[in-house]
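Two complexes, one shared chain (chain A), two partners (chain B, chain C).
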Partner chain A sequence: MNKKTFLSFPYLLWMVAFIVIPLFVIVYYGFTAMDGNFTIDNVKSILDPINLKSLWLSLELAFISTLICLILAYPLAMILKGMNMNNNSFIVLIFILPMWMNFLLRTLAWQTLLDRSGIINTALTALHLPTIDVINTPAAIVIGMVYNFLPFMVLPIYNVLIKIDNNTINAARDLGANNIQTFIKIIFPLSFPGVVSGITMVFVPAMTTFVISDLLGGSKILLIGNVIEQEFTVSNNWNVGSGLSLVLMIFILFSMALIAKYDKASEGTNLW
Partner chain B sequence: MANDKLIDLVNIRKAYNNNVVLDDLNLYIKRNEFLTLLGPSGCGKTTTLRIIGGFENPDSGSVIFEGNNITKLPPNERQLNTVFQKYALFTHMTIAENIAFGLKIKKKSKSYIQDKIKYALKLVNLDCYENRTVDSLSGGQQQRIAIARAIVNEPKVLLLDEPLGALDLKLRQDMQYELIRLKNELGITFIYVTHDQEEALTMSDTIVVMNQGYIQQIGTPEDIYNEPKNAFVADFIGESNIIPSTMVEDKVVNILGTKFPCVDTGFGKNQPVDVVIRPEDIELVRPEDGIIKGQVTSLIFKGVHYEMGVMANGHEWLVHSTTLSPVGNEVGLKVDPYNIQIMNKPASEDEEAVIVNE
Partner chain C sequence: MVKKISQRIYIFLLFLFLYAPILTLIVLSFNASKSRARWGGFTLEWYTELFNDEQIMTALTTTLIIAFLSALIATALGTFASIGINSMKRRWKSLFLNITNIPMLNADIVTGISLMLLFIGFRELFKIDFELGFTSVLISHITFNIPYVVLSVMPKLSQTDKSTYEAALDLGATPAFAFFKVILPDIFPGVITGFLLAFTMSLDDFVITHFTKGPGIDTLSTKIYTEVRKGIKPEMYALSTLLFVTVLVLLLIINSKSSKHQRA
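Right, the complex of A and B next:
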């Protein structure tokens, strides 16, 4: 064992203690009943109509949020590339800055903004405009997700876009492609790894979140994350909670497999 | 002849943030010509090429192509193609897809495109490379694919922006011959940008020497080498002795206090001039046979010849000779009259700046 691998030992210990062992604990709980006997009922409880509905809603909202993030982020990344800033870290700073504020606080702020008697509605009333009723709806959750996860979409796309040599784009123009053809045939395909990376980094947390749905969806809207959380905290049923977690993990592993396939340069991992 | 001009650049001016790159540039390119824009970095040669290609818009002036003003035309509507400095191949496509790109945009038929790919790969000696990826090719191969990708579109003009800059010496020389062959086979006009004077001399029909946004001289490689118009050109194209002198009268020039016979006339009497003598044109003879006497101060073996420094009349002369004369030897220097190139002193401040910078 050389010196460097020796230095990694504490980290290895940390990983085993706080990642590998808990994972096995979840697998253990997931496949055992309360009395400790083997069962697959916990995993099968995903087929319970309420849980299935939550899973489907989670998928739906995560999909919508990811799509909105992509639609917002791509043009934004293009604009940032066009600005030709020498100092890339400045851009990164602008996007990371809000993330230095507590995630809960930022989401709570949205609660205050969207509340029936919140800032937005107060302003609308003052302007004699009809008020909006968004809080405690799926729309509010989507707003919260897009707001919180947008930087995770912008940065990986921006990172691949700035690596595209301008002469590659010039070459396409030179060979007769107009701006739209250049985008479809050259720029977008070359930025695809960044897009995949961004989608994964937005989709996975959006799929698993329970804080955003808790704060902005009231207690009416249950995402799969909320269901799992309640199994642990309210029902005190760790077995079913673990079983459902394992199902959710399949979706995450699928996303990870996607990222591993397309994003060899790990464009966005600098944020995690 | 007006219709001989394929491209005509008229009064082109280009500045980036008050930094003037091209100032009132006028240049025309003839049909089927191999024209090289030659100069040090920052001389405006690449900017000129990019203006012809349509990637930059001049601040003023116009680009005329076959009699039509194309100054404002975007690159995709111009009948010319570019080979970029670092090849700029599309890394997400195979070689065949790269070459087919321009043809697919023009909606050519599948069989036409297939034939063209085969033809182009044969032309650049890379048959059967259709399905390779860009990353699996060497620099020289990528360069040839970049050329193939450009020429399948049958452009009237091929623009080449230092295409050999990233290649090693041997490969560069091979590619130079390859480019000359391509030019002859295709019969199209080449506009070539380089800072390598040897490359320019080897390949060009016409060389345009540029410096600081100005054209210093336009001519055939022989003209540029043998009759440089000013000290910058003389110094940039090959090695030379550039000595401030006085033209005593027609056919007599006073170099460092010694009168040399020359062949130039019409400079007037007692006129200050610059004299250029190529190191290989100086003959080493016995001290009593030379026009001036000197002492060998340095000696380097260069393969084909020896490079010697000879101190004579207070100036260190650079001499290339196949005969060796050891350091410290007394020698005579002799120059044939027609090998003395007389140049007017720089007239404009811009030319002056060049000399100060050296």
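Right, the complex of A and C next:
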């Protein structure tokens, strides 16, 4: 065995202790009642109409947000590729920089922007345009999700796009393909692993968030993340909370499998 | 020409979307009115008040200490791990990288809950005196930070030439000496990127801290979350603006230096 391999042992121990074992602890809590006996009631509580409704709403909003992110991000990534920046880290920086303004404050700022008498509506009124009334609606939550997770869509797509050899594209053109054909037959298939990465990187956090719905949904709209958070912090029912988390983990595992299938070549997520 | 202009407009609109909330917060930090919805005139009051607010200052110190320590420890663990992983056979390598991906792909809420349950379960099982607090938050932050380091260092490692390290050993260097003289300089940009990413992620985290922090300790994020209901203190906007502008200036300096370097 290679001596250098031992260098990764502290890391292995750390990851087993704080990543793998904790996941089993959730499984344990999820399948036991308060008295410690085996039960599947916690997981079955997802079938409660209220929980089922919030799970469905979460899936719906996460789907819409992911779609919007993809539609916005792909052209942006193409344009950024076309600009031929010699400094790729600069593009990553532009997207990382907002994170130095606290996540909660950034999301709260959308309240100020979207409010009935907020900045956007004031501007619209000044321009004699009809005002928008989205605050505390699912639409506001979608805006918050797209805003927070758009970078996770742009960066993986951009990273695969800049790796595409321009000669491949030129060859397609030389052989008579027009712009649309080149895109459908060459560029899009080659960028597909990045698209899959981006989709999972947006869908999972969007589906599981409880903060964005809390801040922009006026705490009336409950997503599955809110339900789970409240089981832990308000009702103190860790078993039901864990059971519901297990349901979430099914979706997460599914996206991990998807990434593993399409992202073999790059050995890891394409994000950075 | 039309294409170029429409591209520019598209980029401009998207960056407006990304930076509009930040501009809003910067403007709010100069707003004399405490309400987020009303402009009450220009003031620098919040910037002076900020340094007298003990709670905010404590939360800031905690946040920075946790961000620094977790990034530092994660960078050490992650860099060594990458070197180890890089020398593994393909099958082991992909197993390790898959484990590394878990905290990145997993939902924050699940990671946070699982760690909280682990800490509390550990305490109950071994009947030891361990309260959720600084240590549990630090451990959690290191855990979600390591993947960023590994994913920044691994690409640099696969670019390095194995034979230079072997040459150093042949010429009589100890493995440790060869590491510091040959491998580390090669992968150093990746290590720094990893550290900075880890620091930023730790600073910006709310969800995982929320579940693992216990009652006695607050970071800026959790402090803001408790303030949401009763109204955010404008000092928070001032503090965020200061943090943001500091980082912006630092990055511009680094970026102009490194692009000069690249041209040379």
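Quick note on the criterion: the second predicted complex is superposed on the first by the 238 of 272 C-alpha atoms of A that agree within 3 Å, B and C clash if a C-alpha of one lies under 4 Å from a C-alpha of the other, contacts with A are read in each partner's own complex, and residues count from 1 in each chain.
Keep in mind that, in the parts below, a residue touches a chain if its C-beta (ideal position, glycine included) is under 8 Å from a C-beta of that chain, and two chains touch if they have at least 3 such contacts.
This one's a predicted model, so the numbers in the text were calculated from it and none came from an experiment.
S.K.: Determine, for the superposed arrangement built on chain A, whether chain B and chain C clash or fit.
M.R.: The answer is fit.
S.K.: In the overlay, answer first, second, both or neither for which of chain B and chain C A:Asn167 touches.
M.R.: After superposition on chain A, A:Asn167 lies in contact with chain B alone.
S.K.: Could you read off the angle at the CA centre of chain A, spanning the centres of chain B and chain C, to the nearest 10°?
M.R.: With chain A as the vertex, the angle is 80 degrees.
S.K.: Once the two complexes are aligned on chain A, which partner has more residues of chain A within touching range, chain B or chain C?
M.R.: C
S.K.: Contact-wise, after the overlay, does A:Ile186 reach chain B, chain C, both or neither (first, second, both, neither)?
M.R.: Touch status of A:Ile186: first partner only.
S.K.: On the A-aligned overlay, A:Thr125 touches which partner chain: chain B = first, chain C = second, or both, or neither?
M.R.: Once the two structures are laid over each other on A, A:Thr125 reaches no partner at all.
S.K.: If you stack the two complexes on chain A, which partner ends up touching A:Ser235: first (chain B), second (chain C), both, or neither?
M.R.: Once the two structures are laid over each other on A, A:Ser235 reaches no partner at all.
S.K.: If you stack the two complexes on chain A, which partner ends up touching A:Leu175: first (chain B), second (chain C), both, or neither?
M.R.: first
S.K.: What does the superposition give for the shortest Cα distance from chain B to chain C, in Å?
M.R.: 16
S.K.: Using the superposition on chain A as set up above, list the residues of chain A that contact both chain B and chain C.
M.R.: none
S.K.: So in the complex, the part of chain A that touches chain C is made up of which residues?
M.R.: Against chain C, the touching part of chain A is residues 2-12, 14-15, 18-23, 25-26, 28-29, 72, 75-76, 79-80, 82, 86-87, 89-90, 93-113, 115, 117-119, 147, 150-151, 200-201, 204-205, 207-211, 214-215, 225, 228-229, 232, 238, 241-242, 245, 248-249, 252, 255-256, 259-260, 267-269, 271-272.
S.K.: Applying the document's contact rule, which stretches of chain A touch chain B when the two form their complex?
M.R.: 165, 167-168, 170-178, 181, 185-186, 189-190, 192
S.K.: Quick one: in the complex, what on chain B touches chain A?
M.R.: Chain B residues touching chain A: 53-55, 74-76, 81-82, 84-86, 88-92, 101-102, 105-106, 149-150, 153.
S.K.: What does chain C use to touch chain A in their complex?
M.R.: For chain C paired with chain A, touching residues are 7, 10-11, 14-15, 17-22, 24-25, 28, 36-37, 77-78, 80-88, 93-94, 96-111, 113-118, 121, 139-140, 142-143, 146, 148, 151-152, 154, 175, 193, 197, 200-201, 203-207, 211, 220-221, 224-225, 228, 232, 236-237, 240-241, 243-244, 247-248, 251, 255, 258-259, 262.
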